Every structure is written in C-alpha cells, then in structure tokens.
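Step one of this worksheet: look at the structure below.
Here the chain labels run A, B, C and D in written order, and each chain numbers its own residues starting at 1.
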Amino acid sequence: MSHSGAHGVRDDRDRHSQFTLHRRVQWYELDSAGIVHFSTYFRYMEEAEHAFWRAAGLSIAPPDSEIGWPRIAVACEYHGPLHFEDEFEVRIRIAAMTDKTLRYSCVLMRGEKKIATGTMTTVCVRVQPGQPMRAVSLPDDIRSRFCVASAADV
Amino acid sequence: MSHSGAHGVRDDRDRHSQFTLHRRVQWYELDSAGIVHFSTYFRYMEEAEHAFWRAAGLSIAPPDSEIGWPRIAVACEYHGPLHFEDEFEVRIRIAAMTDKTLRYSCVLMRGEKKIATGTMTTVCVRVQPGQPMRAVSLPDDIRSRFCVASAADV
Amino acid sequence: MSHSGAHGVRDDRDRHSQFTLHRRVQWYELDSAGIVHFSTYFRYMEEAEHAFWRAAGLSIAPPDSEIGWPRIAVACEYHGPLHFEDEFEVRIRIAAMTDKTLRYSCVLMRGEKKIATGTMTTVCVRVQPGQPMRAVSLPDDIRSRFCVASAADV
Amino acid sequence: MSHSGAHGVRDDRDRHSQFTLHRRVQWYELDSAGIVHFSTYFRYMEEAEHAFWRAAGLSIAPPDSEIGWPRIAVACEYHGPLHFEDEFEVRIRIAAMTDKTLRYSCVLMRGEKKIATGTMTTVCVRVQPGQPMRAVSLPDDIRSRFCVASAADV
C-alpha cells in the first residue's frame, strides 16, 4: 500500500492499492500438454481480486447485494508455463479507478520467474430482477477502501 | 420413449423417458494425462439432462423461476478413457420419479465401447431470496412431460 | 474463405481463413450472477479454433504429435452478457500469420447482438520429454492449409 | 493417523491414513443458483487427495512418471449447499487399499455442518506412449506411505 498525498496518513492506512495471493497449481487446472490452461490464468486473477477485497474488509458479492462487477475488458500475456503443484503468486494492484470502473493489473510470479501479466477492467452495475444490468457509480463505501497503486509498486 | 399402459397413446407421444446427446471432447476438458477429467463426466451428464428437458419442451431454469433442481446424490463408474476430439454420446433416461425427486441413469458410449455409467438424483426445491431451499413436489406441468423408462430401454 | 491473389483458385479452395462455430450456453458455464463467466469466453474461442482446424482437415493435437500451440497473448472485450441456454456463434478468423505464430480474432454474436470480441496469439513449439518448449516454424503441411482473412471478412 | 499394530511405532509415524484440507469457495466454482456446482465437489476431493499425498511426502504425478491414477468409481451425496466465500474443510481418509487400487472416503464440513460425503476409487496404471493404460500393483514406495484409516477415524 503506497497511497500518499492529500488524503494523509489515515487514508494511507485505510485504503488498499494492492495484494498478493499465494497459490499452488491444481491437477484439474492443467491441460493435456501438462501446463495450466490459458483460461485458468483469469481465474487466478479473479481469485486474487476477491482475496484483495477481503483484505480490504469487503466482499465483492455479499448476500442480497444489488451491485455486480462484470468484466468489460481483460487481457493476458504468457511468459512461461505453470506445471502441476507449482507454487506461484498473483500480485494484483489497482491500475485505474473511474466513476464506474476499476482496472486491475496483475503479475504472476513463480519465484523470480515472471509467468504472466494481465489486466482486468470491471464495471460497477446495478442488478435488478428482470432488468438488464445498468452501470452505476462505485458506492462510496467501496471507493473509500481502495486507491490507485503508484507506479513504483509495479 | 417407451412408456405405455393406462395412460394410452397420447401419453406415449407427450411423455419423455430418455434422450441421447451427441458430443465431442474439447481440449479444456482434458487433464494432464491426456484424458477427460473424471469430474467432467458429470458435466456431460448434466448437459444431456438439460438437452433432454429441451426435447421435452421445457427449460430446467426458465428466467425468474422459483424452482431449482440441486443434486442430492450422484455416482459414476469409469470403464475407459475419452481422448481429445473423441466423439461420444450420452444416453440419459429417467430411472425413477418420486413426489419430489427425479433420478436419471446415464451411459456414455464411444461407438460400441461403453465409457462410463452414472446416476444423478435431483430434488425439486423452491428458492426464495434470503431463505434456504425447501423441497417441494414436482410441478404438474413438469411431471406430466416425463415418465420412467422401461427396463428394456436400458 | 476469401484468400485470393497469386496463389490462384486452387489455393482459394484449399486454404482456410475463417470459420463459424454454433454453440449453446451450458449451465456449468454460468456464474452466480446468472451470466457466462468471463474466463469461459476463452474456452469458446478455443473451441472455435479447434473446430476451424478440423474444417481445414487438421487436428491441433494429433496423437503423439511433438508440436504444441501455447498462447502467448489473449484479450477479450465484453459487450453484453450471455445467459443460460442462449444460442450464439463464434466467428473466428486468422488475423496474422508469422513464421512461428498464428493470431486469431474472434467475434461472439447472439443473433444480431455483438456479445464479445477477442484475440488469441499462439506460438508453434516443439515439445520433447524433459525439455522446455522451444518455438519453431509452422510446419508446411499446416501453414499451407491456412491464410490470413481479408479485412472485408471482419 | 491411527495405524497401529505389528508394524510398530515407526510405521505409526511413517504411514498416513487421513488428511484435512482447508479451503474457501471461489466465485468461478458457483453456478447460476449461487451454490457450488455439484461437479466441483469432486475437484475439492481430488485437491484434498493430492495435498494428502504431499503431506505423506509424495507427489501423485512427479515429472516423467510412468504411473497414473485414473478413477474407476466415484460417488457423492449432498447434504447442504456451499455459497460464495464459505470456508469449509475436506476430510479425506483411505477406506481401502488393494493390490492395484486405493479407495478414499471424504467428508466436507462447513463448521459443524456436514455438507457432503463422497468416495473415490482409483487404480494404479502404467502409462506408456502409444499404449493403452494397464493396471499394475501399487509401487512399494507408495504403498509403504499409506495405511487404511480405522473405523474410529470416520
């Protein structure tokens, strides 16, 4: 957490800009080539995102919530494979925050080896039964828990 | 479909007791041993179940439905592996129907080779926001579309 | 297929530049918000890729092949949700072909509604037991079956 | 671990009969009804199995191994749902060990609530390129690390 500036020390303690998830590769995540299937990397990034929210004192989907967070754009570059039982980490940080969206950037590392880099942009939506999702502003109680990571955190 | 007896010819045409799904193995369904992961067989059986319902003129999850069909027991025996791009079929039939439950039996075949046999028992539940699921009788408009397959159908 | 030019009519018939997969959303592909999980879109794109190869007379992973096709970069933009039992199509085409890589672009459509657009870049590698994957030139018998789609095909 | 008898104390320390995995429900494991998809329970059981092997000093799939462990029969009974972010545990133990097979029994608990009970029977096979899998005796270095759990361990 490296936010600083006008919001002062209190914000520094209360706002979260990044998180690291530690994880091990499971058998059912491999494909027939013996490496983690490329689509699974997005599940790893999402798992890190939700653990990040918990670390910030939030759930991304509390019971009966009318707020949802669908993706609007994601991307991943693959630099090396992950194999069965590999231990790795997902470093997720907030790269941008607008009125209605959050953008995360992620780096997957196995030890010192960079395995993949990715981004996920999500939009805050209101979900009501029988109606299409509608983009809305980030609720204050959520916005106030996060801040954009500084470039030095990359 | 082989139901017969007191309900007569009309029931014979309107009630469904079995269905066959044709499918091809996808890459993301394989594990690192190059064979379909054992958990995926249950997805195949479910896919056959839902196609069976569509063939009977129903959706198992129409929009805004308050009825759900969680599993209460499933099992599978594996007789041979499925490999990448294998074509196979899932033969699903209704093995039992009680007031609140449906039990399916399934056979997976690749050509003449029996790949797996399985069962799934589901219970009809009412789902209401903020309340636990509660078992209820099968709705008449669903019950009337199905019947138990005869032993000869196996 | 729209390739034309120096290679003449014969090439036009033998080379493939695009393919359309027709598909239905399965229950196990949904998330708790009732929409297809964002990671699943990459499985749809891959499924279209492999069907595309079959349509070109090839398998992307024939038994005992020493050639593999890991992803080096993928991306997806989401324009609307997919729901249970939705029928949709994945239009995949070859956007670029280099000595060692293939890049696909994909559009997912539900009727006239554009659901998502994506790209996948894969690299041809030689896979040998106990050795790391090594990038190699596309084999001629594969390269000769494909060509880049024209801009008008988008 | 409760093995005792002729093999003495040393065996008591070296042989493993059971293991408990602690886990949290991930978003991508839920289905559209907001509960963990029934097929995912088998992935939980497998995850516990592999962690159990690691706790016994083994990997179920070391690099270049010619031994594999396909399932021959599995089953699960569901007693209650798991929801997003639920913490639960998988208690796995060895229920039977024959010359060529291992049978596990599993209980999933969320606090004091029994969520599911399951079994998995696996067979030890030799896997050689271009040949079908062939059942073989459990290798001694694996057999010697495990023992059947006593009834009191259930």
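The rule is short, and it goes like this: a contact is a pair of C-beta atoms (placed from the backbone, for glycine too) under 8 Å apart; a residue touches a chain by one contact, two chains touch by 3 or more.
This is a predicted model, so every value here is computed, not measured.
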B-D compared against B-C, more contacting pairs: B-D
Longest centre-to-centre distance from subunit B, chain (CA-based): A
Whole-Å gap separating subunit B and subunit D, where each centre is the average of the chain's CA atoms: 27
Distance from the mean Cα position of subunit B to that of subunit A, given in whole angstrom: 36
Chain centre separation (subunit B, subunit C; CA means) in Å: 31
For subunit C, residues that touch 2 or more chains besides their own: 27-28, 32, 39, 43, 46, 61, 63, 84
Touch list for subunit B against partner subunit C, complex: 26-28, 43, 46-47, 50, 54, 59-61, 63, 83-85
Complex contacts: residues of subunit A adjacent to subunit B: 27-28, 30-32, 34, 37, 39, 63-64, 84, 129-130
Of all residues in subunit C, those that touch subunit A in their complex: 32-33, 35, 38-40, 42-43, 46, 61, 68, 70-78, 81, 127, 133
